[in-house]
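Below you'll find the structures, each written out as structure tokens.
Here chain A shows up in two complexes: once beside chain B, once beside chain C.
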Partner chain A sequence: MSKTDLTRRGLLKTSAIAGAGVALPTIFTASSAAAFTNEPTGDTVTLGFNVPQSGPYADEGADELRAYELAVEHLNGGGDGGMMNTFSSKVLEGAGILGKKVEYVTGDTQTKADAARASAKSMIEKDGAVMITGGSSSGVAVAVQALCQEAGVIFMAGLTHSNDTTGKDRKANGFRHFFNSYMSGAALAPVLANAYGTDRKAYHLTADYNWGYTTEEAVRASTEAMGWETVAAVKTPLTQTDFSSYIAPVLQSGADTLILNHYGGNMVNSLTNAVQFGLRDKQVNGKDFQIVVPLYSRLMAKGAGANVKGIFGSTNWHWSLQDEGSKAFVKSFGTKYGFPPSQAAHTCYVQAMLYADAVQRAGSFAPCAVAEALEGFEFDGMGNGKTLYRADDHQCFKDVLVVKGKENPESEFDLLEIVEVTPVDQVTYAPDHPQMGGAEASLGECNDGA
Partner chain B sequence: MLGLDKKDFRLLLIVLIITMLAPFILNPFPEGSGLAQFNAGYPDLMQRFVIFGIFAIGFNILFGLTGYLSFGHAAFLGVGSYAAIWMMKLVTLNVIPAIILGVIIAGLFALAVGFISLRRSGIYFSILTLAFAQMSYALAYSVLTPITGGETGLQIKSTDSPLLSNLADGEIGRANLFGMDMRAGFDISMGDWLFTINAGYYIAAVFMIIAFYLSIRIFRSPFGTMLRAVKSNQTRMYYTGLNARPYTLAAFVISGMYAGLAGGLLVAMDTQAGPERMFWTASGEVVLMTILGGAGTLIGPVLGSGAIKYMENILSKINKDILHEWFAFMPDGLEDFVITLVYPFIGKGWHLTLGLIFMAVVIFLPGGLVEGGQRIGRLLRGKKANPDDEKATQSTPAE
Partner chain C sequence: MEAIILQVLNGLDKGSAYALIALGLTLIFGTLGVVNFAHGALFMIGAFCAVTLSRILTLSRTVVDETQTDFLGNPLEVQVPYVYDWFGQATGDAIIDWAVPLSILFAIPVMMLIGVIMERGLIKHFYNRPHADQILVTFGLAIVLQEIIKFYYGANPIPTPAPDAFRGSLDFGAMMGLDPNVVIYPYWRIIYFAFAAVIIGAVFAFLQFTTFGMVVRAGMADRETVQLLGINIDRRFTIMFGLAAAVAGLAGVMYTPINSPNYHMGMDFLVLSFVVVVVGGMGSLPGAVLAGFLLGILESFASMREVLEILPGINQIIIYLVAIIILLTRPRGLMGRKGVMED
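So, the complex of A and B:
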């Protein structure tokens, strides 16, 4: 750093500017000339893809990024168009969004709220991103969603399963396509009742953080509603890698079902431990001991290997679905990258498409106009059947897949099989449901920025 | 002037000028040019530069002077953040009381942690502080969820109505300084260049200047000399009848308060607080910043924090597409080859680059970036180095 530019005049000039900057009222803010934050003025529009590229969810982040790149390609008219061809709304023509070529910037959330916000802020302040999307953890989603609300840009959540994202922390500028804990519980309960009966005693191991709490609450509520009894619910530290000490007491408790409210590496370890302890070969209360994993992902199933065989769970989407949308998506993703997409990739691709479509229909990039176009929007052909973006909480309502670890997998991607597609009516709840923050939760006003 | 000798005053003046001109200095490349990628002059990053500068300056008071390596300093940053955000949620949206509360609470917490940890020195002290920080992190992440918001952290919500602020129903409060929004500001465009002047940055910068000034005063005071004595030979101090504990504890608390100030400012600039702020990697980061810049030097920690935050925010955002744009002039095969070579060091690989730079600095420039600067300065002046120069910025590696 040199100080050669230090002249008396320069110093005076800058102090004057700095002084003026501090003294200026908010009305003179930079963007007051534009109608909303980062209004795209050239012939391109910039989207911000904020995904975990390092840290525990880096694999999912990498898959999300692939999906976004594919979506941008399709939006700009490249590739085979993927789900754009099966999407029920036909306003997208592969000519960018509103005629503007789609460009993107990427950032690393590191699965930390602070880092994710810093990265999102730099996209908004430096790169002029008009929409932020992505992420693989609810903590990050809630933090970035609040930031986007403040800054006046749209946030399209990536993989986030906690109720809070569209529950007590819902925001007018934030939208979630992914399903949530409540839906997992509601979808799983009837399947579990069918398979294991209605007089089970459940033992919960719950990852000790926000997502774990909401998932435990949801699964407990829906299993108890059909007659199950909850024997105990034990919290496990997120950083735990060896769960033996948590598994041993399960057998003494008299429980005959173990529910693992764990995700990612946690689930891989706890499930492996439980299976190694021989839980699944045990007989308790005259019934076979069973294990349930509320939220499944292919990457987790891969990590746990043969241990997932026959274990029930729920998932947002699976590449083996046979509807037109899923087939089109799997085909174009597979052609480009050589393997099938994960559910994280699917939800991110769909979110990018839905945003582009909403802008196109609204005829404007202004966040409030886009939000209005998304609210109450019903669509089909995106892999989950008929889907509604509910206006009250900006949550997508669609069928939920109940899956089971496959007994005889044919490839490293073919690990889960779909047991049942729980229809959307069964997983729908009132916007002021107590698990969703009750009557107090509100979206607030949508924010266009300055 | 201001109780500083000429040399220190010059240093303070340089820091003052650089921070005040930062929006211009950090945006040297015109908008739209390929190099605009390297511009760092946007509000969020500039704020982070000065806030983490404060954090590192404070850490350096403990580590640089006494040689006590605290590996849990992020805990104080986190505690300061939580205190500040609760102040904003409950009492007032003005940032000043929030920052003050952050400093006080962090100071008290540092007093408690320091009182226990400082019974040991060396590696045992480091481990104790690390344990405290990880405990704080674990508590904030789970057990204390009602107070800390757990994983999702705390934000100002539409349901919060601070006592002293008149918010319309459903309006989300915003941090302000006597009515001025932290995000207020304006752009200056000169030709192709665009400079963003932001109120929040200048407020944080003023705090940093004050923090820097205080740190110079501490370094030059008899108290600072005592702390250096602790570093060079604590046993000898005890034999001469001096009790070092009160001095080290005072240094620990002061440096905890600096961390609290940084935490409070983080909340003031971006109204949220989460537990990751206290994770051990965050504590490690401030150690890296200090050593990278030059432990025990005045300006070193600020340079180090700037370098790390720059890499974290700028380098990590370069992706493959941008590389393809840069090397598009090369023939295809060569382009792919060069990109394969460069790619591991940018984007998500920024940690790798940071690690390499850190190794290079520790091996070749044990005094950190400051020593590098001094060596270049000496080269330029034709090796007529004045031995007195060394005194101002002591460059012995910290043990």
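So, the complex of A and C:
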């Protein structure tokens, strides 16, 4: 039988020592304790990669995830360093972020706003993610951005092209590196006018959701300013697979150009149907009939096969670019995975790097400190030339690529050729531009969370 | 006038796909009494038979070409299809070009086998279960099949073009004395319609004019009496399931040049095909075909710009709207038989 000598004095002493012990960490970290959501306290920091791992954009999501894994490897000092070597900011040294090893968790957006919010919420609340990034749809980006704003974490958008992400739905905690519908329209219109003339009659087929509307609006405004006339604009259901009944009447309308404001499976099917109908072999108004796809993606172009040949569009980045940053990224990604990265992979890698760099420069993971470091940040060496993260709307401003489906591809990746690198000045707009939500659009207050 | 002709043509090819899938669904429902929600997946697997055969035909050996470089600057690895080695480049190219029509021969045995395995392995255990159980298990099966295809072929659509000879379109307008370039229709869609008509005709002829078909029809009408006559109706129904799978598979094979196949193409068609079956009348083969074409044409008309300007969004609901009206006025569908699904 054991005997315990518990005295009042002994109990007080023990309690005092234990209390001091428990209080010690908070005493030394009092200045930043629980100052913001998911403040990393150990020697690691967790990032949340929210990408489509199932659903129709799963391949694009898989490429985003590859890019993030590569970025984490580079941030932790592994691999060849990729674009960290060409990045104009030199604060990242391959020793994690602020000395903390980078770890990550992943979520599946399923390309559905509610599923994406649920996976982001889970990564923030259960896994302690201090930043959420990724995605392949504007609907998802707008929804997750709003969630991150409420939760007090930074959102670094993945592939999202709708004006609204940094337009009427902009948020203080959200940042977009990818270009947008306005920029596509502004970059494409002069190239189209140059190639097809200023006297054209355009027929728009537009996917019936947020991104489709902003893209149609942007391309219409830019082409009409060049002298084109818009004959008709027809909305097509997002779930449509066979576009024949929408394409068949195009020639009857007197239009000589078809603009497909479609992305993903919609784009693959509508373009394939349009080419099947022989539109490109026809002559209308004494001109060759033409088709335009405002937003191109190499992964989608692959789905449309030979139908993309000679068709103009725009893209955020392409692996064939010959600047040092792009070459370093393609080498790094290609060596690891055996094929060149997509534009989705590129923008996600860059976003991860930009976040890490901003934290490093701010000296803190606090969202408002990071946001301040990103606002107005000018950089180079990340594949798009000189780039500005504009403070007013958290949109990156950089050159835009106008591309064309390649006539004689040399490999399965060689589907698009760069026709023009449109200088950033030509695609820059005022933060209160009507297409971006006008004067009412506001970032709101930055939220540090807890 | 031109617009109406165009939309009728459009409706015919869309209706062909609905009719072919609905025909298979009705065959299975009529014979086995099973509501098969995995039927769309069979359509999708048929399409992937074409993808698979075109991959088999392009199986290649790798030759390193030192004169060219890949995207990393390494010597380029050029893929030379084995069919070039066996038949020469010109014949090899022609064989690869004709991958989709050749897939018909490939898909028939594969789809029949898949159908028989599905029926023997899973569906037969649900013959005497409620329709709700059948729907749940076949829907689950559809998701499993879809995910298997996604695992092996990825989520992106895979281009599977028609042979060069069938690219381009026919100028109907010019043929009928109208303005050229106004009523045009792609050759492959015309072929798809003709193919569907042949398949539908062949299935009806098989059921109508062969002894096998007669027994199956008798089994559809009164299963117990046919069994009492000492006929093994189960084996015939298994073969019918295989046949229905082959019909769905062939519809999928021929559809690949129209839209690049992807793993969820079956689901896109499934719901509409069920509406077609219900509108046509559960268990009625002619009803399924008639409703397939009818709804296909209606959907095409509802997508016209002139219609959309008056009734925005009608293109998304027209089929369901018509289905409601038909079911309210004719509860058994257009050609439904008394007693089917009414117990």
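Heads up, the rule we're going with is that the second predicted complex is superposed on the first by the 417 of 450 C-alpha atoms of A that agree within 3 Å, B and C clash if a C-alpha of one lies under 4 Å from a C-alpha of the other, contacts with A are read in each partner's own complex, and residues count from 1 in each chain.
The criterion applied here is as follows: a residue touches a chain if its C-beta (ideal position, glycine included) is under 8 Å from a C-beta of that chain, and two chains touch if they have at least 3 such contacts.
Keep in mind that this is a model prediction, so the values were computed, not measured.
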item: Which superposed partner A:R117 touches (first chain B, second chain C, both, neither); value: first
item: Which superposed partner A:S138 touches (first chain B, second chain C, both, neither); value: first
item: Touched partner set for A:G227, first chain B, second chain C, both or neither; value: neither
item: Partner chain(s) touched by A:P237 [first = chain B, second = chain C, both, neither]; value: both
item: Chain B versus chain C as contact partner of A:G265, first or second or both or neither; value: second
item: Which superposed partner A:Y57 touches (first chain B, second chain C, both, neither); value: second
item: First, second, both or neither for A:L299, with chain B first and chain C second; value: second
item: Touching partner for A:G99 - first (chain B), second (chain C), both, neither; value: neither
item: Which of chain B and chain C A:F413 touches, first, second, both or neither; value: second
item: Intersection of the chain A residues that touch chain B with those that touch chain C; value: 54, 58, 235, 237, 239
item: Chain C-touching residues of chain A, taken from the complex the two chains share; value: 54-59, 232, 234-235, 237, 239, 241-242, 244-246, 248-249, 251-253, 265, 268-269, 272-273, 276-278, 281-284, 299-300, 302-307, 319-320, 330-331, 334-335, 339-340, 410-411, 413
item: Interfacial residue positions of chain C with respect to chain A in the complex; value: 2-3, 6-7, 9-11, 13-14, 68, 70-72, 76, 150, 154-159, 161, 167-169, 181-182, 184-186, 188-189, 257-260, 262, 264-265, 268, 299-300, 303-305, 308, 315-316
item: Chain A-touching residues of chain B, taken from the complex the two chains share; value: 14, 17-18, 20-21, 24-25, 39, 42-45, 48, 138, 141-142, 145, 150-153, 155, 158-159, 170-172, 174, 180-181, 183-188, 196-199, 202-203, 270-272, 274, 276-277, 279, 312-313, 316-317, 319, 347-348, 350-351
item: Sites on chain A touched by chain B in the complex; value: 1, 3, 5-6, 11, 14-15, 17-18, 21-22, 24-26, 28-30, 53-54, 58, 105-108, 112-115, 117-119, 121-122, 125-126, 137-139, 142-143, 146-147, 149-150, 162, 164, 169, 208-211, 213, 235, 237-239, 440, 442, 444-445
